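Here come two complexes built around subunit A, the first alongside subunit B, the second alongside subunit C.
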Partner chain A sequence: MSETTLGGIAGRMPKFLRRADPAVVTAFACIVILLLLGSLYSRSFLSPEYLLQQLKVASFLGVIATGMMLVILLGQIDLSVPWSVATGAMMACAAAAYGSAGVALAIPFGVLCGVAIGLVNGVGVAYLRIPSMIITLATNAVAQGLMVVYTGGFSPQDSATAAMRYLATGFTIPGVPNAVIIWALIGAAMVFVLTRTSFGRAVYGIGNRERAAYLSGIDTRRIVLIAFAVSGGLSAFGGVLLAGYASKAAQSMGDAYLLPSIAAVVLGGTSILGGRGSYLGTVAGVILITLLQSILSVMQMPEAGRQIIYGVVIVAMLLLYGRAPASR
Partner chain B sequence: MDGAAPLFRMEGISKRYGGVRALEKADLTVTAGGIHAILGENGAGKSTLIKIMAGVVAPDEGTMTLDGREVSFASPAAANQAGIVCIFQELSLIPELSVADNIVISDPPKRFGMIDRKAQRRIAEEALARAGASDIHPCALVKDLPLSRRQMVEIAKALARKPRILILDEATSALTAADVAKVFEVLKRLRSEGLALLYISHRMNEIAELADHCTVFRNGRNVASYPAGSKSDNEVVELMIGREYSHIFPPKPGPTAAAATVLEARNLSWADRLDNISLSVRAGEVVGLGGLDGQGQRELLLAFFGVLRGLSGEILIDGKPVSIASPTAASHGRIGMALIPEDRKTEGLMLPMTVRENLSFAALDRLSKGGIIDRAAEQRLIDDMVGLLAIKTAGLDIPVGALSGGNQQKVVIAKWLMRQPRIILLNDPTRGIDVGTKQEIYQLMRKLADAGAAILFYSTDYDELIGCCDRVLVLYDGGVKRELVGAEITEHALIASALNIHGEGAGPRQGVGA
Partner chain C sequence: MKDWRYWLAEQRGTLLAFGIFIVMFAIYSGNHPAGFTANVVQTAANKGVLLAFVAMAQTLVVITAGIDLSVGMIFTLTNCMASWLVIGTGLETAFGVLAVLGTGLICGAVNGAIVIYGRLQPIVATIATGAVFFGLALLLRPVPGGSVKEDLADFLTGRFFGVVPASLVALLVVVLVVWVPFSRSEFGRAAYAAGSSETAAYMSGVPIRRGKFLAYTLAGLLAAIGGLFLTFFTYTGEAAYASGNAYTLFSIAAVVLGGVSLFGGKGSAIGAIFGALAFRTIGDLLFVFDFDPLWQPLFQGVILLIAVSLGAFALFRVRNRLEWFL
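Moving on, here comes the complex of A and B:
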């Protein structure tokens, strides 16, 4: 597992793999190693049913991490994920209680609530120049407060609509869960945006050197605002899917997604300082985190131990990638 | 040098930054009880010399002797220990602390491991009195003092370190005329107490009043050393000019029929950096900005490009007043402005990104439809630019940071030419690049002007201004002090007006308009 072995393997790899970001290759290698280690514990870790189940669980995190990646590429961070997720889920379920129109509009309404949180974040970061770490933490607290007021602090009684349940648990293509298809579509859209559009170029430019991007005539504030809005919307959409998965929303259902979403992006080789990273890496990071979680829980690792392992893994990865010297 | 045994001597000092030679076998001799002025153009090596003396940077070669013994300083603290104290151009005080705290900050008096506040106050009072600023209360916070008082505290702070050699690097640039007179009293008293003083200033009249001895630096070497008052201002300016190589500049077209004015400023002011600037640039004209470094030239270019907030005055494009709120507004639409920024590494390029991404970055809106980049169009335009500017790169998909400085600068210029700008602002575009690339840039500038672009060109290199510009505006203290046209643009005129020693502006200082 040492770097020299990995380097040796990389040397013998086909050309298209050698050109790939070493961080992405490392992340995929870690996935394989995790699966092999797991299979020593139980044969079922390699069964197609288990893997498909993991992919489905991963897709919720994948949707949320997609938005997070966009923000991290800018060199910012979005800490309002937990209650953006919960707000999306609760508001979608709440809309469902208002007749057939409410049922039809449940999903867009939930997503729009997340976009609203993201817009507040974006205005704060881009126009008011508040550090993203502060403003997103603050909007997270406000969203939490609003949801507690709405629910009275109890578990919300509204349940998810059929459409939400279908998106999260149904099958359009036999054998492939809908959640996985949704993640694949959102992922493909993000790859297109990042590589083929002027918006994507601007995101990388701002992440690398905001001043140079600004002096190149890029409307940097608009780009930052849009990125935060997208992140909020995708977090809320993740919440909508989770509500569909569990049939209803729950208090603090998003808490379990903040650290994993950041970890997934960083594990996939996206620089926490912004400007560098590919979506393929985020996919690898999401799968890696999901597998790690699953294997730790199958091994009956207590929650405390799991948290410690996340934290340690993130610090280790930051040391590996975030410290790479900038070329100058 | 003859006379008394020198207190401090530097011999054969050389220093390179990367490939750029800052000092080349420079010598300097300092005697006790004298004020020694150091003169030179921007980049002549004065600041580097001072930094080496003060232990801020280490020389590549050469020796320094103090009292006849060879010394070397690992840090500014070591230089202070040896009695060499420097007052730098930029203030080094901490605004949130009191005057007394600042004065003793590097070595506070201690009692039982804690700072002895009584002793600290006594030291501060003594130092302030020596600096002739006993009216400043030692317990006042530095942030509550006006700039000129802070400068006095800075001098007191230096004196509290009991220096034998005191270096003042443009230390009077923030002072009012009354304060300057006071500081001069203090400096003369220190001289009579036997201190050696090194004085760096661009203000010729100050040097004439103060200095006993002068040394002129040019291109990293000391070219002349003479007793103060033995040379006229004109002779000194000629010593500072010199030249090692001459550039090949494209021929100027000479006076042509007046084209339409494209860019115009009326009474442009900003904070205390730009002072009532009016200028105009016609299509096809290269207008230079001259003057010493930091007299408002950069701010003027940024003001045109919509970067500065709180600007007063008017900017006119094609004779119509416009408000330019951001670089986006300046570069897009009918204004069509481009700025080649000062620092290509932090302002012009995103170094880790590829050559391709950097080249098309400023023109993305033109290369995309509905936000989606037209890759074929992008490739075509990039090929054109790489060919036009002869950018040497191992490929379009390598990081731009891997290119040489000259080629990086070409990428910065090319990325703006992709927008076909009508107005081009250049902020010292040839700094730190090789002579060959410089020539290509001069040719290109003239070519763009001939094609109808209006060019505003700031350079710290006087040769460039002479070789490239149809007109030069010389800035001093944020205002345009002189306009030189055609044959009037000579090194002598440029330097003389940059130092503001010509015409009616010869007084010590004009009050900065509020």
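Moving on, here comes the complex of A and C:
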């Protein structure tokens, strides 16, 4: 895959397509191809009900991937997603057991627990200069330890509050699930922050070269700290939504979200080295991953086959457009 | 600088890991109800050696400034494979062992090819190949089961002369056969050079591609040796997602404890081995102090958090603030 062929094709395209990131275009093209392939298998893949259902499932991953994207844009990574998700869900459900005040504060409390995990990550990465891969791994282990001690190693008995269930499964606008609206709101906020605020500029700047950003007068450490706190909070919020969807929290509910969230961000064209990527790409990546998982499970592919295809597709797509330039 | 001081500076991480391990193991065996006996050492060695193999595998890749998030899954896949193949007559068993090790090599080579020749970022590439390896493991063992040649298993997990744990001897042999020749070869130097500064190494005509490819391939082999030993200890194969993932994460922790820099170019597999043994001992400390096993994950996590934060003290020596940013 050479740059010149891509450029040559792009030159003959209409203007709005020429400006688009080839990675984002490829990701959306793959979504269409997946849907077409799926519709060969069964007509229902193109029905609005199915698509809306997929969007709803995708919105949980979307919320979590939003935080992950912010951190990846900095050139870091957040491996504490699994237990941030579980902590958010468990703590929100736990708070619900403490009377009406607990019920009212359940969602903010769950999110705050995630923010706390994110703050520890942020302090470690920004101020102690520990590689993010290690510190987030360690906080993940600590969060897991805390939750295991709290729950006694079993899935907790507390159940989600009505508000959590409403957020995850209800309908405010007829026909559009609330979870999708929430994802849209969070996504819009993220796009605004990334493209229209100095914070967003700083995030891209740090991702490109932290030293240069620091020398231009950006308090890079504060930005990194905030980004990790936001990522932790969004992971926990994703957990809260998931708990609302399943109406309770479970021990390993977050495990299934770490790799997909990284994969979604990277498939959407965000560079894992930071500094480059758009939120539109992440949206495409999230939908792509969700569709892939859904189609494989509808085809009753056993878990083993699903894992293999999943891995092969990610590698294949990245080989298509995610390659680093050759060293010369 | 004098030679010995230079050597000391180079080996500081390894020596520190060795020190931590000795202290931890002294506390562990000192408080163990059975005391410092051959039996206690054998049990501890058998548990520690598994992580040591996986940590060695991780080290090879980390030295090139990469990361292999699929080691745990190669470990799981080869475990499942060994539970089918390492059985029967002597010849069949030998063939089985070779097949298992060969599979590890192939898995590592696939990782290496994708990362080096496909030019993908190692984090993402190995996450994806890890999913594939786990899928293959599930194909082989949808439910836990299988068996292994028990004579061989008992021989390699028992004791030589009644004192020396056989698994430790095996670890030593692997170090001598795989790590020492690799790190002293041209390709080993290339792997270090690539991790230290890929551009400079490339400009100097160091064979960085072949060095890195060999590092990834040998990492697969080492993870497979770990998987083989897991089969010897458990007599079964199991495609457990959580356990494979845990080994990947613990291998990174062991590598860090062992003084290998995640930025590449620094550290040795020996350090990672002691890091792995120390990490396992720390995890087991709770048992000798009679704590509720429920607290073990938290304890392990906190220790890990403290261990990685200790490195931050180096910041106080930094004079120029720009050196905060690598």
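Here is the rule we use: the second predicted complex is superposed on the first by the 299 of 328 C-alpha atoms of A that agree within 3 Å, B and C clash if a C-alpha of one lies under 4 Å from a C-alpha of the other, contacts with A are read in each partner's own complex, and residues count from 1 in each chain.
Keep in mind that, in the parts below, contacts are C-beta pairs under 8 Å (C-beta built on N, C-alpha and C of every residue); 3 or more make two chains touch, one makes a residue touch a chain.
Here the structure is a predicted model, which is why all the values come from computation and not from measurement.
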| item | value |
| --- | --- |
| Simultaneous placement of subunit C and subunit B on subunit A, clash or fit | clash |
| First (subunit B), second (subunit C), both or neither touched by A:Q157 | neither |
| First (subunit B), second (subunit C), both or neither touched by A:Q53 | neither |
| Partner chain(s) touched by A:S247 [first = subunit B, second = subunit C, both, neither] | neither |
| First (subunit B), second (subunit C), both or neither touched by A:L146 | second |
| Touching partner for A:S297 - first (subunit B), second (subunit C), both, neither | neither |
| Partner chain in contact with A:S42 - subunit B first, subunit C second, else both or neither | neither |
| Partner chain(s) touched by A:R211 [first = subunit B, second = subunit C, both, neither] | both |
| Touched subunit A residues, subunit B compared with subunit C | C |
| Touching both subunit B and subunit C, residues of subunit A | 211, 214-215, 326-327 |
| Subunit A partner contacts - residues on subunit B that touch it in the complex | 305, 307, 326-328, 330-332, 339, 341, 345-353, 357, 360-362, 364-365, 367-368, 371-373, 375, 399, 401-402, 415 |
| Subunit A to subunit C touching residues, read off their complex | 77, 79, 124, 128-131, 133-135, 137-146, 148-149, 152-153, 210-211, 214-215, 220, 252, 255, 259, 262-263, 266, 272-273, 302-312, 314-315, 318-319, 322-327 |
| Complex contacts: residues of subunit C adjacent to subunit A | 67, 114, 118-121, 123-125, 127-139, 142, 198-199, 202, 241-242, 245, 249, 252-253, 256, 262-263, 294-302, 304-305, 308-309, 311-312, 315, 321-322, 324-325 |
| Contact footprint of subunit B on subunit A as seen in their complex | 196-199, 201-202, 204-205, 208-209, 211-219, 275-276, 326-328 |
